[in-house]
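Each of the next two complexes has chain A plus one more chain, namely chain B in the first and chain C in the second.
Presenting the complex of A and B:
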């Protein structure tokens, strides 16, 4: 049972991070490789809300989330907007550079040592007993709850709102969208904004559990197989991908060796890429674009 | 005579700063007219259409000479969504509909944009019901994903969704391409209805001269990036060269030459007997 609880937590964390990759890819066809860093920015923002403004947990989270959204919009507006019309490959390279830049900037501003946002915002993170000998941290429950909320919200958003339909339209065919009078910048900026928001949220919740230092960006990298396994352009694929990859990782920890766990996601990725290179739920034609 | 809505004056389009695609193109459309632009492949019809709708910018081309005046404003080299909001809707040859969106969502995309659009069409704002009146087929398909529509249904959806942006000028590239003759006739009739009901101007780019000239008021013929002939649709339909080279009457089967080749041929025949 404890195994199952850990599994769900890890899968939820991966899913929460993965939706940022999928959003940006679906709307702009750009695979962002700076998502791990964007996630860290969120966590550091939460830390700052505590150290600098001494906010209690809830307002600190809300403020940090809003600022993450702004960070995402700013990344699009200042950097990615200029990549319009360039090749996708160039845009992907820019996201790598952006990631390195962000990591350097964060080390300068917040120092590279391990810090604990939970202390800074005076948030308790008690262990919650789920009956029997099973217990998870409060932050883990929050991660699972937010993953469910975020995905539910995104599905409704894409189905039923004007902006959601616009984002799908721009993602599928930006030219036709322009013909229908939709300027591409709004939906693209929003995709980056939401990606930074959800990624930031994942970073914040994770940092409550584990603290934050440079290593957090590696979690972002480990989520990469999740997205590729599920199919880059599919939100439901990201959920399945998270379940598969988290499953492989947890099994590796318990039955093989914890050291293998870090490699497990990439082993799954290799296996999937050999069988279905476009991912479980991806569109086949997307392949040549990657 | 009704007033001038679109006037293309001496327009020259250059691709990649090197290749000149069209040169000295003059073309006008009055409010409420159906105008057709005829010509064979590579004549520059689509380039002209893309210049008017602002899309050449995305293909590394630009208007290097002349003016494109729409409703009194020069819109040469404006961005596509600016042209769309000014009241120009394009139904392109490819990329007609959002394949992953449902029929209803495809139509609503147009309405969303129409909201931000200008005071556009003279009449009442169109809504979904208005579109279903012209194309009853679409009402039945409203929940269907657009990628699963037939060619004719796609063309109807594309025209409907373009109309919902409340355009004053509707540009249609290759209405008849890949469609059965009976479907083309149905679409052509719908275009006449749309013009009569909404009073919008339609610029039709076609290779099928017969169908185009049968619904158009006025026609232009392009060859090698220039307008070589223009006139009232009836007059063009009766024109010898048009009959021979676009309607295939009197020409030997499989022997299709360009308009320019015909001229030279006719001249040679005159000179050498």
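Presenting the complex of A and C:
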């Protein structure tokens, strides 16, 4: 049962991180490799809310989330906007460069040592007993809850709001969308904004559990097997991908060797790339477009 | 720099010539003399820097062949370097093999891995290919880690300096010449490859694989050969690196190394061997230049704990700047400058264009 609880937590974390990749990819066809760093920005912002303004947990979270959104919008507006019309490869490289830049800048501002935002915002993280001998941390429950909320919210957003429809339109065919009067910059910027917001949220919740240092970026990196397994442009695929990859990883930890667990997502990834490169739920034509 | 003035070629043979004019021969000879004479004046530090640059050039040229020429995205470069280094380390440790066994073994291992890395390229393009090579990077590093833990080399495998003609290669000046020779061979190999059938096939596949196929290029063979040759060269670079350092540890081959090599190729300018060399020089010297700049401005003491972070941030910034504002890289800047002086007072490039 403890295994199941750990599994669900990990899957929820992966899903929460993964939706950022999917959003950006779905709207702009760019796979961002700076998402791990964006997660870190969120966590550091939360830390700053605590150390600088002594905010209690809830306002600190809200403020940090809003600032993450702004960071995402700024990334699009200052950098990614210029990559319109360039090759996908160039755009991906830009995100790599951006990741390095962010990482250096964060080390300059917040120093690279391990820090604990939970202390800074005076948030307690008690372990919650779930009956029997099963116990998880409160942050884990928050991760699961926010994954459910974020995905529910995104599904409604894409289906029922004007901006959601616009984002889908731009993702499907930017020229046609522009023809129909949708200025593509808005939806694209919003995609980056929401990606930074959800990624930042994942980073914040994770940092409550484990603290924050450079290792967080690696978790971001380990998540894109999740996205590829599910299909790069499919939100529901991301959930399935998170379940599959987290399952492989948890099984590897318990039954094989914790060291293997770090590679497990990539083994799953290679397997899926061999068999179904566009992922379980991705659009098949994808491959030719890339 | 004197070049053939105008477009005076009358045959295909003349188009393939690497050095066109006597003046270019003389400049090349001058460059060679300068490179050969350098160890006579250079300090130990400079020689080590030169060694690092030479090593980076091998890897950068290999990646340029794959990404810049054949257009196949690879994010597994550090994994290949690690593979070469590990094969060397393991063979020396387990069998006490000398360098004339380990180097070919590393190259062959690289070629085989290249075949493995290249297989997804037959189905996957662009982004997906980059990610599958990235996955292979993690797997190679994992295997290396496993070996190191199981055999108890958790701090790394030490490699003895190679013995050539009965004497150990230890002196930095001797290393300098060996690495220089390596570089000359690799660069000549790459340049010759590019003007051969294989090189032309790679360029064609890069431009548009469907058209290349229609023109009779075997895309299958072109892609795989690009992966195999590039990976073999990279693994060789990894093997030489392990001898140079006298030490192998997978820790040294993080994802950042891949990014550095990709940066070399980008900053140098995709599609040109000169670019790979310039990029390797630029990226290798970058941290030292930053350090020197901090020293001279007197900020070094104040920022002592932050040098690494500053390096990181500025490196990202420079890479970003090149991607956004100078996609042709240093080779493009060099070409423009050269044409500017060469053509002055005119502006347009002659018909010949290109290199």
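The rule we apply is simple: the second predicted complex is superposed on the first by the 287 of 290 C-alpha atoms of A that agree within 3 Å, B and C clash if a C-alpha of one lies under 4 Å from a C-alpha of the other, contacts with A are read in each partner's own complex, and residues count from 1 in each chain.
Everything that follows uses one rule, which is that a residue touches a chain if its C-beta (ideal position, glycine included) is under 8 Å from a C-beta of that chain, and two chains touch if they have at least 3 such contacts.
Remember, it's a predicted structure, so these values are computed and weren't measured experimentally.
Chemist: Sticking to the clash and touch definitions up top, decide whether chain B and chain C on chain A clash or fit.
Modeler: Aligned through their shared chain, the two binders fit side by side on chain A.
Chemist: Check whether A:165 is in contact with chain B, with chain C, with both or with neither, and answer first, second, both or neither.
Modeler: In the superposed model, A:165 contacts chain B only, not chain C.
Chemist: Touching A:176 in the superposition: chain B (first), chain C (second), both, neither?
Modeler: A:176 contacts chain B only, not chain C.
Chemist: On the A-aligned overlay, A:89 touches which partner chain: chain B = first, chain C = second, or both, or neither?
Modeler: Second partner only.
Chemist: Regarding the shared-chain residue A:2, is it in contact with chain B (first), chain C (second), both, or neither?
Modeler: Neither: A:2 stays clear of chain B and chain C.
Chemist: Return first, second, both or neither, reflecting whether A:105 touches chain B, chain C, both chains, or no partner chain.
Modeler: Touch partner of A:105: chain C, not chain B.
Chemist: State whether A:228 touches chain B only (first), chain C only (second), both chains, or neither.
Modeler: A:228 sits against chain C, while chain B stays out of touch.
Chemist: Of chain B and chain C, which one contacts the greater number of residues in chain A?
Modeler: Answer, by number of touched residues of chain A: C.
Chemist: Just chain B (first), just chain C (second), both, or neither: which does A:127 touch?
Modeler: neither
Chemist: So if I take every C-alpha atom in chain B and every one in chain C after superposing, what is the smallest distance between them in Å?
Modeler: Value for chain B versus chain C, nearest C-alpha atoms: 14 Å.
Chemist: Quick check on the complex: what are the chain A residues that touch chain C?
Modeler: Within the complex, chain A contacts chain C at residues 31, 79, 82-83, 86, 88-90, 92-94, 96-105, 107-108, 111-112, 221, 224-225, 228, 259-260, 262-263, 266-267, 269-270, 273-274, 277, 287, 290.
Chemist: Across the complex, what residues on chain C touch chain A?
Modeler: Of all residues in chain C, those touching chain A are 73, 120, 123-128, 130-132, 134-136, 138-139, 142, 145-146, 149, 255-256, 259, 262-263, 266, 305-306, 308-317, 319-320, 323-324, 327.
Chemist: For the complex, which residues does chain A have touching chain B?
Modeler: Those in contact with chain B are residues 85, 162, 165-166, 168-169, 172-173, 175-184.
Chemist: Looking at the complex, which residues from chain B come into contact with chain A?
Modeler: For chain B paired with chain A, touching residues are 53, 55, 58, 79-81, 84-85, 89-90, 92, 95-101, 105, 108-110, 112-114, 116-117, 161-162, 165.
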